[in-house]
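Working notes, beginning with the structure itself.
Chain naming follows the written order as A, B, C and D, and within any one chain the residues start at number 1.
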Amino acid sequence: MIRAYHVAKRYGDVHALRDVTVKLAKGEFCYVTGPSGAGKTTLLKMLYGSTQPTEGKLLVGGIDVARLSRRRLPYLRRNIGIVFQDFKLIDSRTVGENVGLALEVLGSSRDLINRRVSAVLNIVGLPGRGSDYPPTLSGGEQQRVAVARAIVNDPSILLADEPTGNLDGAMAIEVMEILRAINLRGTTVMVATHDTGLMNRFPYRKLRFEAGRLVES
Amino acid sequence: MTQRLQLVFRRALRSLWENAYLNAVSAGVIAATTLLFGVYLSVQFNVNNMVDTWDKDVHLSAYFHPDVPEQRRFNVRDEIAAHPEVIKVRYVSSDAANLWMQARMPAMETVLAELGSDTLPASLEISLSAARANDIDAFAGTLSVTDFSDIDYGQEWIEKFQGFLSLLKLLGAVMGSLILIAALFLVMNTVHLVVYNRKNELEIQKLVGATDGYITAPFLVEGLIQGLLGAMFAFIGLAAVHRLLVARLKDTFELAITAELQFLPGPYIAMLFVAGSLLGVGAAFLAVNRFLAKVT
Amino acid sequence: MTQRLQLVFRRALRSLWENAYLNAVSAGVIAATTLLFGVYLSVQFNVNNMVDTWDKDVHLSAYFHPDVPEQRRFNVRDEIAAHPEVIKVRYVSSDAANLWMQARMPAMETVLAELGSDTLPASLEISLSAARANDIDAFAGTLSVTDFSDIDYGQEWIEKFQGFLSLLKLLGAVMGSLILIAALFLVMNTVHLVVYNRKNELEIQKLVGATDGYITAPFLVEGLIQGLLGAMFAFIGLAAVHRLLVARLKDTFELAITAELQFLPGPYIAMLFVAGSLLGVGAAFLAVNRFLAKVT
Amino acid sequence: MIRAYHVAKRYGDVHALRDVTVKLAKGEFCYVTGPSGAGKTTLLKMLYGSTQPTEGKLLVGGIDVARLSRRRLPYLRRNIGIVFQDFKLIDSRTVGENVGLALEVLGSSRDLINRRVSAVLNIVGLPGRGSDYPPTLSGGEQQRVAVARAIVNDPSILLADEPTGNLDGAMAIEVMEILRAINLRGTTVMVATHDTGLMNRFPYRKLRFEAGRLVES
């Protein structure tokens, strides 16, 4: 599903990633871990085409993301669910609209959207919060809305950047259970995290980075 | 398809509502621009109208030598009337001329009365069609010098008037294009700010897989609505100004140009609405594209 | 203290630089507003000037009965010259009047020549000071009816001209205040957007303990700079328009009103700069305060 | 230093806090903990005057924050260092300027600001990053900039909302060491966190909330 050959990313003088070669099969679950600034978010960003590798080749579902035209990019992203490290919720839209957005851009019917949205809000433990606005939610609640939006359209790849950073232990385990359930239905899942406790409780493959280098995979 | 269109309209109306203030500014700026454009069209249309009537009505006065016999005068009149460019010839007898003179200069009434009917010479009042300054000149040259003591056609005045008209046109064009550029700039700018205001939202839409079309469409509808609203306000403003002017002019100059001050005819009005819509949609299109080019 | 002031200026200049686009729009809108204000002042100033000269120059022509003896005419002239509101009295003999008539109406030259010197009556040309329509009326009433056959002071024309002037003033006031309101709205709006653009930054400043003064001060300086720049552009624009008009008018009417079309004197120019600065600083102040009222 | 008497906070129907009575001595160190949405951030917000209690009385350094005028509020905040859950960095200002802002509003000299800023950037492990802009930093790096800004003017109270949520274990311990050092110099410190591992490693008093109620203190 995901193949990286000698991928490197530089921002000016900063080497965010160096010579990364890795292969992820369809339906796999893996962690991306490493200290702050190791390049975890950078790797995920390249996978959804928000930034391009400066060297090497990166294939997502057989598509070379560096070669992808502006016009084709949206169609790649429709198959990828993303939980952003900083949530990226639209403050002026309700929670329900934020979650539904991922379906609306696909052209789904209003009816289907409503059903799916209330279903996933239930799953992440926010039933009935669909009509609230994000700025009125606590940090952890916002993070769960971000998770809900990422899974609402059953994507074939799920990228989650630090999806439990603002959650207490019990809630973090719940979110991990959700990700595992999605993975069991065939979605390839990649979770960037620092939480060693969580990684021990849900033991999966680990990609460990240090200063941009892949040191364990 | 209709469902998509519905969605686009719903999103456009929502954005209009949520950014009411900025949208009102856009519509206002479009209205002002369109109004100025309308005033410009109006002035042009009316001046052209007036110059047309005036051109058709160019008058010459040819004064007979006092010793030309009356029969000869009528013959000359008929000859001139036969010229193709002559619309009308009127013979003004010396008596008639003096009566007119008395009416115009009441101060001299008594004086003129004492002097008898030969005071002012008889003349021909000639109306030429579609004449311009040069044509009049040429026509005056064809008149026989033996019959007439003087030919009067206010050439200087015509030249001055045309100079004045061209000054007006110059000023109008300079001011008009300055204001138009400023207005375009302002419309672009306000629409750009509506987009900028929603930067975050649009970025997130792109990240979850929205196409450029999905993002652009509601802005175009928004721009269209702004443009049509603006044109409507401009139309109302134009009508109000026209009303006010006609009423006030009627009071001031009872007879003069009132009748000729016309409101813009249908096709011009349609042009205003087209201009407003183009302004709104075009500005929205440019603003959104400028923004989308920067986002990945 | 000076260090604080330096900091304020540094922050203002930085914001000017970083929001160059919006600031240019603000300055542009202020320039347009101030230019319109300047044009309004100019027109008012020049019209007042003209009306003043014209008022001072109001002329009456009083035509003598042909049978009033010459000595009596000179006595009457001296009597009238003694009136306090009379600036100047000029006796125009019948000969002089006829010469003038010939010059004005060359078509009638031959006719007039034959008629001898008594054709036009002798008259007094009287200049009144600071007269208005009513005053002229009253003054004309004081002239003895036995000496004069007619008194001519173009009353209707004066009334029409005043009607026209008041129409112009009405239109000017209506359009002027509409445009001024629109411009104020736009300035407020653009400055508000500069503030809005930095919403996040200002909120964070408040959270780390900035006072309202710390946040407001650079905006006021920014507004002042915008205002002064705007006024400068308006001044340049005004000078250019004045130049153009004077040159074109000189070409068109060689003698007429050219000399009287004056550029705004110093105090008015100062007023433009004060107006621009007030606009800039006032709009900034209102916009920042409106914003700060909403933030905690 | 901090005294709350029967404090309650409602947002419409949501009871974010109910009947909270607690006392914190000068120089104390305490955790605020509890599940997502328990009211931790709300409590901190009231302490720095960003929102007012709907009931009860809340004193910070003897000042009733509910009664504080708009004009006096900045002077309260100058004595409080805050690490926000969502960092609240100014994207258009460099890291150095962001950290220096807390001193600039006090009217400190440029010279002093420069020295203090590079000192605290060293402390949080970001030496030489002073001229970068926040959007070019990783999540964890941004969080450390937020910590640096909060401590730069040696505040008498430090409020830290989830200051280690984006940090790996080693880095989280470093940040906790920094907070402890500040506390040892006399600053009252309040840390909202979910990280039980950290709370066990640095055992201090805990204020535990559940659905707005103080259940342990």
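The criterion applied here is as follows: contacts are C-beta pairs under 8 Å (C-beta built on N, C-alpha and C of every residue); 3 or more make two chains touch, one makes a residue touch a chain.
This structure is a prediction, so every number in the text was calculated from the model and none was measured.
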| item | value |
| --- | --- |
| Topological distance between subunit A and subunit C, in contact steps | 2 |
| Intercentroid distance (Cα basis), subunit D paired with subunit B, Å | 68 |
| Whole-Å gap between the CA centroids of subunit A and subunit D | 29 |
| Cα-centroid distance, subunit A relative to subunit B, in whole angstrom | 63 |
| Category of the chain touch graph - line, ring, star, complete, other | ring |
| Touch relationships between chains, expressed as pairs | A-B, A-D, B-C, C-D |
| Subunit A residues touching subunit B - in the complex, by the definition given at the top | 48-51, 70-71, 73-78, 80, 82, 84, 88-93, 101-102, 104-107, 109, 149 |
| Footprint of subunit C on subunit B - complex, ascending | 21, 25, 28-29, 32, 61, 63, 66, 106-111, 115, 118-121, 149-150, 152, 160, 163-164, 167, 170-171, 174, 182, 185-186, 189, 193, 196-197, 244-245, 248-249, 251-253 |
| Contact footprint of subunit A on subunit B as seen in their complex | 3-4, 7, 18, 200-201, 203-212, 214, 296 |
| Contact set on subunit D toward subunit A in their complex | 11, 33-38, 40-41, 85-86, 136-141, 143-144, 161-162, 165-172, 194, 196-197 |
